[in-house]
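These notes open a run of structures that come right after.
The same subunit A turns up in both complexes below, where it pairs with subunit B and then with subunit C.
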Partner chain A sequence: MSGIELTSINKAFGAYEAIANLSLSVSPGEFVVFLGPSGCGKTTLLRMIAGLEPVSAGEISIGDRRVEHLPPGQRGVAMVFQNYALYPHKSVAENMGFGLRNIGVDKATVAAKIQEAARILQLEALLDRKPGQLSGGQRQRVAIGRAIVKSPEVFLFDEPLSNLDAMLRARTRVEIARLHKRLGATMIFVTHDQIEAMTMAEKIVVMSNGKIEQIGAPMEIYRRPSTRFVASFVGVPAMNFLEIGELRSEGDGARITLGGHDIRTAVPTADLSGALTLGVRPEAVRINPQGSIEAKVDVVERLGEKTVLHTQLADGQQLIAEDVGESRVRFGDVVRLEIDPLRTHIFDGKGVGHHPARSQADD
Partner chain B sequence: MTDMTSTAAGMTAAATPRLKSWSWTELLFVAPYLLLYVVFLVYPLGLGFIMSFQYFDLFAGQAEFIGLENYQQLFSDRIFQGAVVNTFKFVIFTVPTFVALGLLIALALNRQTWWAATLRTLFFASNVLSVTIVTLIWRAVYLPQKGLLQNFLDVFGIQNIALLQDPNWALQAIAVTTIWWGIGLPMVLFLAALQQIPGEIYEAAELDNASPWQTLWHITIPSIWRTVVLVTIIQIIAQFQVFGQINLMTAGGPNNSTRSMVQFVYEAGFRQWTAGFASAAAQVLFVIMIVAAGLQFWVSRRKQEF
Partner chain C sequence: MASKTIARPMSEQILVASVVILAIAWMVPLVWIVGLSFKNSLELVVDPNAVFRFPYTLENYADLMVTSNLGVWLRNTLIVTVTQTVLVVAISCLAGYGFARIDFPGRNLVFILVLMGLAIPQHAVIVPLHKMFNDWQMHNTFQALILPGLAGPFGVFLMTAYFRAIPLEIEEAAKLDNASRFRIFWEITLPLAVPAMATLAIFTFLHSWNDYLWPLISATRPEMYTLTVGLAATQTNIDQSEGLGYLMAQAVFAGLPMLILYIFFQKYVVRAVAGAAIR
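Let's turn to the complex of A and B:
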């Protein structure tokens, strides 16, 4: 079990700088998710750790070893590819054993390791099949099995769930989380799906344009997004962003005026500057007959356990609110809404997030 | 086009659970192809088969049924026996080389650089030359005393090389010419196959510590195995029919050392006008080719299942 240390990593493709001066530390046994939109550099970063892509500058250490000049096979990593990358002409057992056979492990040990991995992943009945005879989910498990048999120091997953249907994806998510608990190995998982990140990660690294936007535990990222980008990328439905008209300090927080409505927040005003935006997640916007905001409902999404209301304010800004599953609100209704001051965020002119003081918000 | 139509019609018929009745319009679609196929392939094939049991003088236009006499005469003909041996030798010289060398060149040139693109074009270019041009070039290469090869060998002090005049070397020399001429097609077929292999598999192999040799043997070759079989069968069929370059470079000599089966058929049929005898020789070639291609197909299918 080894940690990973990335120091001042640069990656340039010709004149284009994909990743600039990135440093990151992963603890031994940690499950880290690289989260970001396509083209943000998360897969490139993973491939550099794997050794499939050379670094332009910087250092990579796995455990105590500097690895950036080592070929992929000698870095002690195993990777699960997006399209599985199984060897189509080899059986499931041969697929899993290939890496061990190549480094001269004896047949009996290889067979034992294959059996062990097959047992963990319930692949025992499929060992003689070829990948072409397997379903997508089964191929996925073989790809994971191929990684397990090598007992690597680090597992790397490159969007491995994106080719599965929704049901299977949810199940595999749980399986991978279990596997992590069971093996205790360091795992890095790349995805653009924030649900995968939130559910599996111990630590999320949110990336955008080759830079790290925020590193933190899932709930930390969710509750205290450090930038407007993070706030907008994590959470479904996405956070509401409303342009702030006027702002004044009142008590612990800012009191703002927004399209004629008066809204109280718990965000301190001290560091605020530039064009300000109010950020509030839909679940912090609730129906309340005494609420200060009046809005017209234009779409009602009934999800069963809750109802998502898409509303429009008098000044034309959109505000998404949440109501209970049994909500009686209908299309066209005019409702009064209230925003929870402790769950508000203000983003300044540079997109930096400001949040209510920690002791209050973490209740 | 006609070929596609006939296949499509065949598939529809096979897919229909219950065939109601056979319709004449269906035949109409297949008819143009069928007509050409029967007139130019099936009919001559049958005619050739019948002819091989006849004394058939093309010049005089006489035909007479003589049973197996052509075959008896053929199997005791020393020159024919020599031609069979020469043809087999030629196939053994050329086919494995076409496969191995074609794959080697394809592996070397399977990259996106300007020099690889240039070399791909160059290697394929010889393929479009006619047999006349090819043999002209290579006769100049093999020319005793003044040829390119002799000029080259002079540097090493090797004198008086005359490959085409040497019964021990003439066939090999023609094989080299043939490979130079035809290597472009196997190369292109292998390149197309190599480009179908997803890059991720090679990355997985890198992570699996596979050496370049293990990667070639465990990843690349199994991935393009169908193409290896295809190239082998195409070449077996083509090289058993070797004729043009031999006829133009050595005319079967020296001392019959390069006479091939097709040349034997040609000479029997169109030099001596004994078409029946020539047909018998052609039947033998036909059987040998079918057996060789079938054997190759069978072996390669078994190998794929390891």
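Let's turn to the complex of A and C:
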């Protein structure tokens, strides 16, 4: 079990700088998710750790070894690819054993390790089959099995669930989380799916345009997004952003005028500058007959356990709210909404997030 | 209850009819050759239409075994064809893998130069080739029959395209599995390219077996003839009024390996010919 240390990593493709001066520390045994939209550099970063992509500058250490100059096979990492990348002409057992044979492990040990991995992943009955004879989920398990048998210091996953259907994806998420607990190995998982990140990660690294936007535990990222980008990327439905007309300090927070409505926020105002935006997650916007905001409902999404209401304020701004699963609200209704002041965020002119004081917000 | 059959559309019927007519047109000469090979040559001199009548005989084939140089020509053809096929596939695989996967300076330029070879017909280089091999005193050797055929840009092009189509991730997975470059090529990539190799092998085999022009120039001694040159040399006069049955028996004998090859590798032959047509 080894940690990973990335120091001042740069990666350029010609004149285009994909990753600039990135540093990151992953503790031994930690499950870290790189989260970000397509093209943000998360897969490039993973491939540099794997050794499949050379770094332009910077250092990579796995455990106490510098590895940026080592070939992939000597870094002590195993990778599960998005498209599985199984060897089509080899059986499941041969796929899993190939890496061990290459480092001269004796046949009996190879066979034992394959059996053990097959048992963990319930692949025993499939060992003689070729990848073409397996379902997507089974192929995924073989790809994970190929990684497990090598007992690597670090597991790398490159969007491994994106080719699975929704049900299988949810199940495999749980399986990978269990596997992490069982093996206790360091794992890095790349995804653009924030649900995967939230459900599996101990630590999420949110990336955008080759830079780290925020590093933190899933709920930390969700509750206290450091930038407007993070706030918009994490959470479904996405956070509401409303332009603030006027802001007056009041007690620990402020009173905001927004489209003619008066809203309380618990965000301290001392450090705010530039054009300000109020951020509030849909679940912090609730129907309340005494609420200060009036809005017209233009879409009602019934999800079973809750109802998502897409509303429009008098000044034309959109506001998404949540109601109970059995909501009686219908399209075209005019409703009154209330925003929880402790769950509001303000983003300043540079997109930096400001949040209510920690002790208040965590109550 | 009357059963209903689904009528085929008119366009399909026309297509099928056209294919049948073409197939017959292709088959008639072959059937004719086989028929002639079972007829007494003297009988054919008297009446070429005797091919449609009994009696038929095996005497041409019996003569063939005794008198013809066919055995030698067949051996020569096999040596040239098999060697050429094996070497073309080997060279094309290595070059194709290099162009597809190894990033070396000038790669694209060299690849374009190789592809330009596709535009040069064999006839355009036949005189320089003849002079070269003459200067080296290599005519009437197997090396002379084999070497020019190895410079085949089509194979390099085909294998490069095929290797490029194999997902890079599979090789990357092998790199993470600590496999060397050669091991990746030999154990991972090459087995995945077997369909392309089979196509190339059959294409090369057919081409080499049927090649006439270069062996005609290079092999001037009968013991170095290939089948095509030997059969042409057997033809004594332009309309072959004498020994027709004997000549046709030689043609059938010479064509048998191709027929067997086709029966066993039909799928690949079709692919090879289709590939040659669209190149």
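In the analysis below, the second predicted complex is superposed on the first by the 363 of 363 C-alpha atoms of A that agree within 3 Å, B and C clash if a C-alpha of one lies under 4 Å from a C-alpha of the other, contacts with A are read in each partner's own complex, and residues count from 1 in each chain.
Everything below uses one rule, namely that a residue touches a chain if its C-beta (ideal position, glycine included) is under 8 Å from a C-beta of that chain, and two chains touch if they have at least 3 such contacts.
It should be emphasised that the depicted structure is a prediction, and the values quoted were computed from it without experimental measurement.
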Requested in this report: Return fit or clash for subunit B versus subunit C, each positioned on subunit A through the superposition.
Outcome: clash
Report task. Have a look at where A:268 lands relative to subunit B and subunit C in the superposition and call it first, second, both or neither. Result -> neither
Requested in this report: Using the superposition on chain A described above, determine whether A:28 touches subunit B (first), subunit C (second), both, or neither.
Outcome: neither
Query raised in the report: Regarding the shared-chain residue A:85, is it in contact with subunit B (first), subunit C (second), both, or neither?
Result: both
Query raised in the report: Which partner does A:76 reach: the first (subunit B), the second (subunit C), both, or neither?
Result: neither
Query raised in the report: Which subunit A residues contact subunit B in one complex and subunit C in the other?
Result: 50-52, 71-74, 77-79, 81-83, 85-89, 98-99, 102-103, 146, 150
Query raised in the report: So in the complex, which bits of subunit A are touching subunit B?
Result: 50-52, 71-74, 77-79, 81-83, 85-90, 98-99, 102-103, 146, 150
Query raised in the report: Mind pulling up the subunit C residues that touch subunit A in the complex?
Result: 167, 169-170, 172-179, 183, 188, 191-192
Report task. Flag every residue of subunit B that touches subunit A in the complex, lowest number first. Result -> 198, 200-201, 203-211, 214, 218-219, 222-223, 225, 304
Query raised in the report: Taking the complex as given, what residues does subunit A use to touch subunit C?
Result: 50-52, 71-74, 77-79, 81-83, 85-89, 98-99, 102-103, 146, 150
